[in-house]
Amino acid sequence: MSYVPHTDADRADMLAAVGVERVEDLFHDVPAACRFPELVLPEPLSEMELMAELQAMSEENLDTGHFSCFLGAGSYNHYVPRIVDQIISRSEFYTAYTPYQPEISQGTLQSIFEYQSMICALTGMEVANASHYDGATATAEAVVMALNASRGKRKKVVLSPWLHPEYRQVVRTYTQGMGLEIVGDEVGDGAPGLDAVAALVDKNTACLIVQNPNFLGQIQDLSGLADQVHAAGALLGVVVEPVSLGLLKPPGELGADIVVGEGQGLGNGLNFGGPYLGFFACRQKDVRKMAGRLVGETVDTEGRPGFVLTLSTREQHIRRERATSNICTNQALCALAMAAHMAALGPTGLRRMAELCYHKAHYAAQEVGALEDYQVLDDAPFFQEFVVRCPAPVADINRYLLEEWGILGGYDLGRDYAHLQNHMLICVTEVISREEIDVLVEALEEAGREVAA
Amino acid sequence: MKADFGVRCSGAEPVIYELSKPGRMATTLPEPDVPPAELPPQALLRDGLDLPEVSELDLMRHYVRLSQLNWAIDIGFYPLGSCTMKYNPKVNEAAARLPGFAGTHPYQDVHTVQGNLLLMYELQEMLKEIAGFAGVSLQPSAGAHGELTGVLIMRAYHVARGETQRTRIIVPDSAHGTNPATTSMAGLEVVEVPSDERGNVDLAALEAVCGDTVCGLMLTNPNTLGLFEEQLPQVIDLIHGCGGLVYGDGANFNALLGIARPGDLGFDVMHFNLHKTFSTPHGGGGPGAGPVGVAEHLVPFLPGPIVELCECAEGECDCGCGHDDEMDEDAVCFHLVMPPKSIGRVKSFYGNFGVLVRAYTYIRMLGAAGLREVAEMAVLNANYLKSQLAGVLPVSHGRTHMHEFVAKGIIEGAPDVHALDIAKRLIDYGFHPPTNYFPLIVPEALMIEPTETESKEVLDAFAQALRSIRDEALTDPEILHEAPHTAPVGRLDEVRAARQQVLRWQGE
Amino acid sequence: MKVDPDLLYSQDHEWVRVEGEEAVLGISDYAQDQLSDVVYVELPEEGDAFEKGDVFAVVESVKTASDVYTPVSGEILEINEALEDSPELVNQDPYGEAWFVRISLQDPAELDELMDAEAYKAFIAEQEE
């Protein structure tokens, strides 16, 4: 089954019209030695058989619908209202292409305009693009934008060590051919605070990138940071988490130049890491240095309002080697889902959702912190994730939690930070009930006794 | 088959903020079941948030009405060159939504997501087989992302061999704009080579730029003219001969499935566009997926992590899984491994997994025979449509085409009618226009790719529409200049959009 | 096509107004006509130095971005900030209000390689054939 509708009669007519005997004759330009290889692939299946096989394959996983999961660390299990899937399942949205013919793409274009508007509101910034692949690549593009803003004259980038480890890796991958000096995130034995990192910003620095809440879930006070960074002539980029912005002051109000983050938490489920989306917002005065697609409002020949892709001359298909970036595809359907979820919540709903995560996480921290063998790091306020020092390696604790209690435990910070061995990052969102938290606490207590022994 | 947008053809669906009324909400949230904790100090909290407040009914109506202003594959023909707008099978959508797949967190212990890793491993293996490569990474999210990955791999390969002077990437003048943009991002220099009159890379020009400063050549094959490189072996040998690598832009891979494997042809690295060749939906501009395949010598440089197989025979495996002794002899498990000389991560987590599930489903539905049929019918459809346009519009080259061809929007006797006018008038006839003004080397270009999922009737109707438009151009060109007439909006003022930037909702 | 009689012209359709040891640069009427509606002009910064033939500015229309090459070597002394808010000036008044930059004349001999108004008129006529 290849979804090809042609009958034998169709084929015969078409071959005749083209003037060849067999369809193979159309491939005469392909080197004979390489032509028509026998591909060794599984035999095709009917839809019924294939769905059965895929169902079985999916059931080899333990999924969060059946198991309590306390993982966060950049991917969050939030409840997505069913209306969102209905919206993105409409053929007119998901089987449409990039809106290059605006007259027949107003649905896509207006929905992206609305998404851009909501991201601006969420982040407190003036302009947002139509999205990047994920939070990590959006962060890398923020660095590239800062480099372009300094016209290539500043080659130093300062990254907070509390920026997501994978985001820092992606920044390094993206910029490996650019001859940059990337500093700030070597942690060693210590736990440098924001001040120590900000002190590294100097006249050679293109940007400082920080995350808030940071990778450890902590909320920081960023007031004054923008001034400090600007005094050195550098830009401040802040990586944020969208649900937390239902509660927290947005970086746009604190002087940030670029605000990026992972949009997955709204509208898009876990999906084992993708597809996600990176939102990206900046100031109007910097719009030409920003990469990515942009939708703008205009009018048609009759004066009716309409939307178009605009400022395309920044992009690859026009600027080619002098483009702001090479990005072509954005994550349109994921952005649509995020916008639909934000619209479904409204400001009240997003605030309530954020508060649910906040209060549940704090209840969990309080109960876990009361356990003798566990210490909760409480030197800073936190949003929906907190750090716990465990009496044994996190991998061992988690294995016990899974095998004996059927719980998917938190993230092992020892993977990324040498001084945080045995430290677990526990995430509690609004989908976790009080009962599940109480069970976790009981399980951790038992694990502490059984594993550390 | 007219584009009938009917009574919704006012283009006046309000922006969602205009439907907002304080106090409305379109979802419900549970009451807190824990005691409230003290919130952070007020200075850290926000003071108001300007998001729309709408009822669930209004939300649904808004998006349904917006959707009805769009054209889509599920509505009609969408012959965009090099985009491969083939049918998006619905079984793919069901597969991706299986809760066992969709409800897994990327940081779960690998032994709790062996279903996901099995799917990814098999997809890696199938893509290797289909394209003739030794290694595949599924991590890149899109074609341009895969390109950046491929160029960084080529660069890393040369650097590892001490050849840091190889800083130039050769790009044909017919290349997609992402190719030179990607090259710049990787810190390399673009060297453009022209095409000859048959649409092939100019071999003499290529030879002139070959040397020990060449990192590689980026080649789309078939190229953006829809033509297979007639001297492909010579082109590849030339680049390899001066120590360079050959990167394949896989945007046009639909023409080669089961016909030829880029690895066999000599390509060192290639990106796949799962959202083109492998039927995953375009989504209005993403998400896609751009996995990268490489030849043996480049395998260590792949971005990661990638999925590897661990053969846990006899209850022991050196990946430290600690399986119990009663495992059968053929037991295997899958792990996420970073290749030894990897260029690094190109995105967070492992790739667009939801898109990978769709592509996997497609390949399992088709099998080898189905994939070959795809390429055969894509190429037959393109050549058939081209034959039906004889005498209507000139075509850029007189050779046998692959899955697409470039027509010129030039009508003899109507010098004021351009490709843009023809494209916009096609909308009134119920077709999405072909790609306009690309590739840059053909004046008034209309790049047409029918794909294999379109029937002969659709192609005949499209050809007939172009005949009618050609006639209109000669008798009543104004109707073309002012097209489209039946779309929700007319031609939009793009100059005004760029000069008076309105990029977000700002109230009345 | 308007050609200002007091200026010198390059083959890439830039014009030069010599003012002692300085020069003012812009693009010709022919050039703005080719570009159609200009939506943005990217200018260098004061103090930037260029060699003859370097790209010192970029002019954008909706669909294209065109490089502007300096016909003379020198250092940028002043840029025309009016173009930032009103790029349409390039279409409306290419020889007057839409000057791009004022540049120091490092090597006056370079002016000899440029065309005068008459030569430029003939040059454009040839281009149109």
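Think of it as A, B and C in the order they're written, each chain with its own count starting at 1.
The rule is simple: a contact is a pair of C-beta atoms (placed from the backbone, for glycine too) under 8 Å apart; a residue touches a chain by one contact, two chains touch by 3 or more.
Not measured: the values here are computed from a predicted model.
Colleague: Which chains are joined by the largest number of contacting C-beta pairs?
Modeller: Ranked by contacting C-beta pairs, first place goes to A-B.
Colleague: Of the chains shown, whose Cα mean is nearest the mean of all protein Cα atoms?
Modeller: B
Colleague: Rounded to a whole Å, what is the gap between the Cα centroids of chain A and chain B?
Modeller: 20
Colleague: How big is the gap, in whole Å, between where the Cα atoms of chain A centre and where those of chain C centre?
Modeller: Here chain A and chain C have centroids separated by 44 Å.
Colleague: On a C-alpha centroid basis, what's the spacing between chain B and chain C, in Å?
Modeller: 39
Colleague: Mind pulling the chain A residues that touch 2 or more other chains?
Modeller: Touching at least two other chains: 318-319, 322.
Colleague: Which chain B residues sit where two or more other chains touch them?
Modeller: Only 494, 498 qualify.
Colleague: Could you check chain C for residues that touch two or more other chains and list them?
Modeller: Residue numbers touching two or more other chains: 39-40, 60-63.
Colleague: Using the touch definition from the top, list the residues of chain B that touch chain C in their complex.
Modeller: 437, 494-495, 498-499
Colleague: For the complex, which residues does chain C have touching chain B?
Modeller: Where chain C meets chain B, its residues are 37, 39-40, 60-63, 87-88.
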